[in-house]
């Protein structure tokens, strides 16, 4: 165990050794093991967008084993997916990479800004997962219900040594479309996740937009540099006492993915959680991209 | 046990031997036993459409024993029905054919796109069922509640060695009527069932319609051949790692039922779940039709 | 399902279809399927006598898969073994042969006439077993405790559709060594098992000895014919309303095993549960012996 | 419902209507229905003495159905038996006669004055029993354990509307053999049963012997008339507020059975619980004897 | 993951991915990771013999952190200790080495051959342990109670993905002192552990003594070579389907420790569990000894 990881774990001072052990497993895994940085592969887009939109572009990705193997071969820190996808590979890949059971999901036909709970802590235990993952939609009319759901599931998870990852994705309610990525909104959502007891917080990279009139004063100044915005979000997560990873959103050019990673790194973020930009590329391209991301987080690029 | 069935069971790598044993029972039963193909008789139309619309055309079908006997005499793989219908025959036919307890049902007077839970895992155990069956309506305003229901019931079933069959029937919400059978929609619903941890997925045979604007790009090409559409749905179910059966819908000509079966077979589907087209015909005709279906799945026609 | 098996199942008139289905599975399995007769392979001698005494004579028998395969290849009705032995093969052989989880066991060093509970109904469910097996020692100082154990486990099993097999092996207390096999004692132990709600009763073949002074009057007459003694034990099990199988005891000559089977058959017993005489012979010899046993029970020899 | 039975039920003033309903079922059943008198057939001698000693003298009695039918044909009030015996007929005879599940039993090899619990309240419910029956051995070293067992089981039974019958059979400990039937001892045991909350108390017909030196003063006077002794026991059961039935013991002459019944009747007892004297006689004789008993309790003889 | 470890995991065919993952963690940890061999450090001698006898010889060993660090620095596979000892270091060393919570212990003042349960599965989860460890004393008057304890704890552990290690240490009852290490006795104890569902079995290196008269025939031949004796014990554990590790016993010369390891390796055992011979030596000596053990198991010496 490296001093860097040890220092991170020490910040989870109220958690039992089981939770710390699972955080350690994620932080010590793969090529970034020990650096305090992470690249995580999440594959729940089949639930969110359907299989065709998610996998037709790279047909082997229809197979759940493909993603396990990609995450392992790329030397990533963890693989996150909904129940059925983990069940389809958890036996074969037992012990090879930490897994995060994504226990709620939305879908393209959702008529409200909500997600359905699709898994439980018992599932996480029997599948050998290191963490549960749960999405909240700060701003949504359903936000309070989602918060109460994650409270119960997270409390149960903590009692059995399983870590909690919260996806904080503001949307719905009075939020404007632009506001969903606003800096103040993103920081707010991340802070809510921290207050809910998340061990790892996942947000989208924020824009320089400030959504809330009441917050404008607090956000005076220049937020054009993405690394500064990352730094602000990290600060909003208990001044760096909680791990924060950033998602890349829709597939885009490799160069912008790399630039994002450099900004996350330079802003003190803990890494990338990168789905479509990985599995929607041909495997060789994905491995090359993930290799460069790893090197960026290692400070080699 | 045939190598074909063994290979299928191996794909259920996170399930306990109890669940595998019940899947094996279904797959090894009847005239298709061992082939990896199935024909299942479901009789829940009395709940969905009322007894008159369901059974008046073939009066003996008012008797639950009729359906048990039909499924047995036709050499089918399993018989699926709601609680009361199984209770009415489970003693007489104990051990003669695997049964699937359909544990939720809608009805003709439903004021929302939902189903009521009508049975439980305890019922399945005391009635000796091999699986529970549960319908979700992807697209419906109630879809998330239905998903949360099946999650709990399926987790309980898995823990006691009972398999889960999910009927994925998109409807409601923003879906157009044509869209309910759309290829993208059907594949999406099937994929959701797989992600929810279903062991067997039941969908309707999809049309070539593509419903979702965002999915059009992924579905470019020619989908006129039904076998190709079947193949796509199978791919959407973890690239064939989960069993997929297709329902025939309303009663229609025998020839179109046979052609459907050939397409399911040629597209790599695992079989037919065929209700009204069986029990709404006179018994002799039904047996003849089921015999041909079996032969088609055996590749003899 | 044959009329013979149907008639047997009808006698279990208070049991739910789940239990009946599991009894049917055992009765319809293998080469004796449908005859109402059974040959069951039990392998708990490793627990009772140790691995060396049990398996050194036929080294492949150290492997739990050996016994599963032997029971399957010989076309037997069921395989019974303790927890670990079933766990070691339940995945590979799921659905291939009904299994009985032997949930209590003694050992060569037991300092009292008792057995330890080594498995539970939950284990039976997750391993896909059709029945639990439990030994009582009528006569022992521990008999009442054993009875109370099986009552609770059997009640739980019945509620979830699992059948109960009781091994009734009188010993201990005031019983003489000769008395353990006495006709009155064997019939009494079998009757106790029936009163405890056993679905299948397993006893040793009784001698003509009458142990209890108070019972001598009831047992006046000639009991020299083993078939007559079997017939009496069957009568003591609710006049044939319960299945009774007989164990062969220590390894002995093939001819005496065959004669035993003929006597069991002629006396109306339901079959043999034959362990050491099967697995302590070389596989080819065991298969030959089991083949003849099957033929005897079919009335072909 | 007759005023007599209504008056009896009114004395069970703390019991819920479920328990009262079951007592009413027993009291309104058969030829004595409505009289407040009862004749009950108990068959647990197979457990207590073994099948040979119990049934060889009247072979049809090996079949559990025999006893159900005998109790029904004789117009008795209830049939009592252990778990397996009721399971073997409860389906066939459902609703035909109230049943009492005897939930503990001893056996001929018991090494201590105790009984094993062999059934539960759940069993009584699923088998449709009106009452549980439980034996205590006042005087035995095990008496306190037995009392604690019946407390728990009776409390559970009452909560679900099932009545409790306690067999109070003093034996063991410092009691002399003669003392087991002593008047003071019998009354004491019956009173303990009443204090334990029994709805129906079953004792043996007491002798005139007074066992306890300390009780001699209280029992001065002439106890030679059996009816007087019965009257004393009834008084010991809350001055007649609880139903008391008397058992006949080992098979004996018909005339002495009749005389016992007259004494029970004249002493204010509520009836006979008569096992071996019924089922160990040929069926025709048994029916004749039971007919006379009924007529005696009706005051016709 | 190496093919060797994958092949081992495949033998645990009834276990869920959680258990497999924890077995994988142990097998992939440290310098022997991937070889299928293990060296485990157990420190429960403080409970068994008291702190003075255990640690005075090497004072730093009074500190629980000492043992964690020793196991980590030596590149071992796991560290096993009772509750308090793990609690004292589990936070500091979270994620650095798999731990086994030893959940029962005896002590020097024990008045019977038994151990007290000192931890639970909940403890194992909150402390992040990969397995629970439990000692049984085959032969002891308490053996059946111990077996019933481990059954319940192991079933609970399996359901939440925790592995079970059983220490099978025959003693007590009719066993002679020499017999405790007898080959037949050791193999019998190991086999019992396997039948109880242990994932890893720990025994002492057996002597050539054969204790049981009834077993002498099965053990004819030459057992002078320790590797042959190891091979027999491995065979007794389901023919190598279960991991077996051997303990070294009291502190002894380094050379004999090395020879033991070579014999374990050559006999097909899965490794050493070595306590006093490690922590009762000065740290440098211990590390040197453990280094050589690792190299022996790697086949380098």
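First chain written, first letter: the chains are A, B, C, D and E, and each begins at residue 1.
Basically, contacts are C-beta pairs under 8 Å (C-beta built on N, C-alpha and C of every residue); 3 or more make two chains touch, one makes a residue touch a chain.
Just so it is clear, the structure is predicted and the values come from calculations on it, not from any experiment.
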* **Touching chain sets, computed without subunit C** => A, B, E | D
* **Number of hops, subunit A to subunit D, where each hop joins two touching chains** => 3
* **Touching subunit D and also subunit E, the following chains** => C
* Asked: More C-beta contacts across B-E or across A-E?
  -> A-E
* Of all other chains, the one whose Cα centre sits farthest from subunit C -> A
* Using mean CA coordinates as chain centres, what's the subunit B-subunit E distance in Å? -> 49
* If you average the CA atoms of subunit A and of subunit E, how far apart do the two points sit, in angstrom? -> 39
* Structure fact -> Taking each chain's centre as the mean of its CA atoms, subunit C sits from subunit D at a distance in Å of 36
* Whole-Å gap between the CA centroids of subunit B and subunit D -> 55
* Which residues does subunit B have that touch at least 2 chains other than itself? -> 13-14, 16-17, 159
* Asked: What kind of graph do the touching chains make: line, ring, star, complete, other?
  -> other
* Asked: Hey, which chains are touching each other here?
  -> A-B, A-E, B-C, B-E, C-D, C-E
* Structure fact -> The answer for subunit E against subunit A in the complex is residues 1, 9, 16-25, 27-28, 86, 90-91, 93-96, 122, 125-129, 159-161
* Over in the complex, which subunit E residues touch subunit C? Could you list them? => 11-15, 138-141, 143-145, 147-148, 151-152, 155, 170, 173-175, 184, 187-188, 190-198, 212, 214-215, 218-219, 232, 235-236, 238-239, 241-242
* Asked: Contact residues on subunit A for subunit B in the complex?
  -> 44, 46-47, 49-53, 56-57, 59, 62-64, 82-92, 105, 107-112, 114-120, 122-123, 126-127
* Asked: What part of subunit B is in contact with subunit E in the complex they form?
  -> 13-14, 16-17, 159
